Each structure stands twice: as C-alpha cells, then as structure tokens.
C-alpha cells in the first residue's frame, strides 16, 4: 500500500520575501518513490492558524510520515530537531502581528515531545550524502516550535512518524544578510529527499551520539 | 523562618583543571541575607552519581530554592535555562568514562520539565545589574541537563523553586581556548547573588520576551 | 584582442581530500566569453613553491586578470580580499611540513599590497546575482596570504588586475565539520564567473562601504 | 631615565554611553613602575581629529611606548593588532557624522605598517596572566585602524614602540547586546598593565605562531 508523506513549509516571515522551506517543499509535491508519494502544504507563519492548517491536512491525508520544514536564518546546516517544547515565546511578531510571550502551545499539554523521526539516522544519511547536518536540541520558541509541538501532540496517539527540520537561508537571502550562512535550494531538496527515504525505511533509530555538552 | 538556598557546582570535566561553576559556588557557602542562608555542594560530573549527591543534599537540607550551576565553555553570558529534557546523549565521556547515548534520564519520566525559577525576572535583574545574561532554550544533553532534569523531577511535587544556570569559562580558562568568551569570577559571583535574591523574592515571573526564533 | 584570465586554486591541505577552490577553478579551464578566455592552474599548498608555480604561469600566459582562489573553512560567503600582508605566520604546517613563523613573504617588500581587483564592484555583483559575498579585511597569514602577497608583488609594476577570493567549504566537507558553513560547487562556480566578468569590465571600483568597525 | 608610556582610549561611539578603552585607560593615568610612568589621553572618535590629538600628545610627551586602545564590540579577548592598513572604509559614521569610504589614511603613505610592539610576547604574557588574548590580523577600517595607521606613520622614523590593542565590551555593555562577549574592567586594566610591562622590557619579540589560516 502506498504510504503518504506530508511535507510542510512556511510562508515568508520576518521581512523575507521567500521562505526557503516552502521553496524546497513545493518542488516535492507529488514526488513518488517505491511505495510512497509526497503531499505538500504551505503553512501560515501565524500562531494557531499554522496548527489548524496542519491538522486539517493530517485529517484529510492521513499521512504515514510528516516532516515540517522551517527557515532558521543564520544556521549553517540541515538541523533535525530533537524536541518540541510547550511554550510560545516570540522574539518577533508573527505574520498576524501577534507576539505571544510564555503561552503554552497546548494548555495542559506535556512540557515537551520528542520527534518520532529517526533523527540520528537522518543526520547520518545526510552526511553520507555529502550534506551538512546535525541534531538540534532546540527548535526555538516561535512558530516553528509551535507547529512542531502541535504536530507531535496531534500525532502522539498514532503510528505516524513526525518531526521538524530547520534549514539555513538560501544563498539569495544570505546575500542580503552578510555574515549568515546558506545552503543552495538544490542541496536542500536533495536533503529532504534523503530525509523522507530514511524516515520511511528506518525501523529504529541509530545508536549514535548527537547531543551537546551545553 | 530562615529560607535555605542550595547552590551546586560541578567538579572539573573535559580536561579542565577547574570548573568555574564550583569556583563561584563555593565562595557563597554560608552567605546569608535577610531571611535566607546559602548551602553549597559540589557535584561529580558523572551520570547518575551527580543526581544522587544532589538528591541527598535536598533530602537533608530541604531547601526552598535550588540553583544548579554549570560550565558552558564557549557561551558568552549567564544563561538561565528554561527547560530540561529527558535524554542523556553525551558528546564526550563523563568523569567515570561513561558516554551515554539516547538514554532517558528517568525511565518513564516526562519528556521535559520547565524551570520553576523566575527565569525572565532573573535575566532582567542580571542585565539591570550590568551583567550579560539571557534565557537559554537548551541545557544540552550531557551531565548538566541530566542534573537539571533530575532536580526538576525530584522537586516536581514540592514547593521548591529549582533551576539551572550555565556560565562561561573563567578568563584563565579562555586564555587556553582562543576564541572562547569568558566572565570574571567576581562577575559570576555577583550574578549568582542577584539570581538568588530574585528567586527568593519574585512571586511570579516577568511577562517579557526571552525566546528565540529558532 | 582576447584577454587572458588566470584562475588558480590550491591542492587540498589541512587533512582535506579536496580543495573547493580547485574543484571550482578547474571547471572553468578554457571558459571563454566575449573577448576573454580563462586559463587555470593548480598551486601546491607549500610556502615558496606556490609562488613559483604562480609566477611561471604569469610569465608564460601574460594574463590581464589573475584571481587566486582559496579555501576558507568556516567562512560563510565568497570573501573578496582587500589586502595582502608581508608576513608568513602559519598556525599549521604546509603540505611540505614546513611551518613558517613571522617570516616576510618577500624580504624588503612593502608591508602590504591592496588588491587591484574592483573588490566592491565584485561583491556588489555577487550579491545582485543572489550569492553571499563580502569584502574581507584579512586573508590570514598562511599560504593563501603568501600567494596573494606574492601575486601582488609580482604584478605591482604591470597593468594586470590581480587579487584573491576566499570561498567556504563545499557541503560534503562541511558534512564532516559540524558547525561549519558551506557553499555548493555550482554557486561558487557561478560566483567566480561573475567575478571574472566584473574584473574584466569594471573601469573603476564602486564607491560603496565594505569595511569593518574592527 | 624614566620612560614615558602613552596610553590612549576613545570617547564612546556607535550609540554607546561609555567606551571600555577609555574606562580602562583613564584608571592608569600616572601609574608608575620601575623606570616608567604612564600618561593617558582620550581621543575623539572622529577621522582626522583623532590623529591630531594623538600627534599633539606624542609631540609634547615624547613617549617611549605608545599603546592605543579601542573597543571591539563582539570580540572575546584582548586582541593585539598586528597591522594597520592605509584605508578608511567606515561601515558607520564617526562622531562628527562623517562616513569615509575608501580614502587613504595618509595620502601616498605605504599600504600598511606593522605594529612595533612585541605582539607575540604580549599575547604570551597575557595568557600566562590568565587573560584571554590573541594576535589579530585586522584592526578593521574605521577610526581604530585610522588612529593605529596614523600612529605608526608618525612614529615610523623614531625608536618609539607603538601599536594597538582591541578590547571587548564591558559586562554592562554586553548586558544590552545579547550574544556579545565581555571582559570585566578589572581584567582589562590588569591586561593593559601586563602589556605595558612587556612592551617596556621585551628586547625582541617571541618566535611563536600567532597567525590564522585565513
């Protein structure tokens, strides 16, 4: 039976005119491999709404794997997030001009959820594919973490594998942010394909160090 | 009634001969202000043992406030940790030469605990005192996070306010790590005093942004 | 009359198996546009020898433009060097296992030479082309600066436009250096083409800020 | 015969209300050791004027050693500058609201001057004293480099040892610049004393690596 992979990317935010996550994700609409097909959705960069759009997509598609992808301007690699925390603490306003401070993503929800993607196996495969990657211990406290937490909360009781990957600026964005790293669109797309394939096929995660001293 | 504040610092690790956390913490042994007195303990940098020493101290002292302090070599400021996660994933071996990978700190424990210190108020007061400080969204996945998680798990059902503060290298350590930032011992001690006073007196935390986009 | 552009890249050094500069430069061998053709040379990463190979190439090709390209592992963008200084002060040994300390590149040479490339115009054009770029105020004190200084000394009395561009790791290198930024080979090649075209056509440099406070 | 050491620090710039260089330097006015006494001057953060004030001081004091000190917001250590370059290329306006771009500091001056301080010996002594320090390969292209170049040009024909040291923000400044490193005033003052003593006593510089790959 064909498995469904849901890939999401955000609309532009924080004064950018593009979002590298959506630029990469949208190219994979309909991408199909052995036994799977990819569906994509764009999420608004808005607290609350972003989760609603995601839940609707999960409700209608019933995906086996969900990977939410977000821009992390200033990061150097594809960082596969380990944990989503139950707090919205926004350093900037979202696209609806709302800046939440220390609100729970889900009232009475647990403090955090761990990704159910095989994060070590994905990082390992990305590096094997010649792509810079690492496990990240924080997805921040803005809309990315909000969506990641909402995703894990919504899929907690199911068999769906789900998680979040942060990606750097595209080169054309970094051109306007001197000092910021970038990854090309082609590399990001290749990295997302690798991530999807590992998420579909890894029965369990690799036992490899991927943490940080602090 | 006099309140008890328990302050802990680790023994040196990762080839250092001193640990700035312990160097600062030990100077505060017996420090007393209006209505409180400080007790200090050194923790081994060893998974498991560190928690045992901490639990014993909490059991015998029954502190009102516990602040665990740890070295974050390379960080630039006093970073007040927001959240402890239930995973040990060590990039280096601990002082007992054990390198845990993807083990829970507490089997069947929740995915994370939030600090019960008034973290925003502490950061605000540190900055007002002319000290560089920030809220941190990750305490890493090594022995610091391990102790932080254990501390929060152990005090979860109590009224004890507890949390973790990471501090930079001391100048003499940074002298051997070109490129790494530092804070002087005097500034760190002053910062810990400020943190203790805020933890003792803040009835609730400040409603101020302290998060990160990613 | 057809102009000749000499492009050089180094052999791998510092335990790398490839050098992104040479990987990019060698693809441009024979690249010809309106009124110009590109010649390429690989330089050894060896004090002294690198300069000899470069001088021989200049002697035989009599190029109108020379751009030496080098790997700057850890940098985030194409950094167009402003100045070469008359000192070899190597933090690591070169490929002949020689580690020079505080030797002049050219005995009795001037303290420094400025690039004769239109560095501001190149950075401007790279950014316009959607590529991250900046003016760099230091090319270091290793073999890259050594070659850059030697190049400028050798072409000082001529009409040849000459200079140096540092480039980041390739993604497959950064995959082995967690925390390091990268640029894709395709982007670097595109950036070198832009740089060559600007160097050939700019009559004078742009009057745009490109410096640093410190 | 008593030697004279001239120490300079700038007035605040770039929206700061203090300048750590001047805060440290002014405490050393009249500091005297075996065979030397320290004179201090504040320099305006203004192209041209800063040099005039410095030249006047040199003219009247006839110092044996001159160390100009400047704020490098964001740097982590005391960085002893190796080389001053003959260019003003300001990323921000100076305190007279002038923003020079690609002007020579001294028309027809050489491209650069090397510090005549024993920079390796100073860095070595600072580290021995437990203070973070490094050789820096660029003093930027703003008023610090401008003064450094002017200083070296003015003392080029004399026996005066002269150079420039950049220092980080003070903690109270870093408190307002999250992410920026700092050094305490006491550490900086101690470091300047060490630097002065080494500058006075070192007959020649140490033969130690202090360069950068790029």
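Lettered A, B, C and D in written order, each chain numbered from 1.
Note that a contact is a pair of C-beta atoms (placed from the backbone, for glycine too) under 8 Å apart; a residue touches a chain by one contact, two chains touch by 3 or more.
Chain identities (UniProt): A, B, C, D = Pyrrolidone-carboxylate peptidase.
Everything numeric in this text was worked out from a predicted model, so none of it was measured.
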Of all other chains, the one whose Cα centre sits farthest from chain D: A
Distance between the centres, which are taken as Cα means, of chain C and chain A, whole angstrom: 37
Inter-chain centre distance, chain C versus chain D - centres from mean C-alpha coordinates, in Å: 30
Centre-to-centre distance between chain D and chain A (centres being mean Cα positions), rounded to whole Å: 46
In chain D, residues with contacts to at least two other chains: none
Arrangement of touching chains [line / ring / star / complete / other]: ring
Chain B residues touching chain A - in the complex, by the definition given at the top: 14, 70-75, 82-83, 85, 87-92, 99, 101-102, 110-114, 120, 135, 137-142, 144, 166, 205, 207-214
Touching residues on chain B, where the partner in the complex is chain D: 76-77, 126-127, 129-134, 168, 170-172, 174-184, 186-187
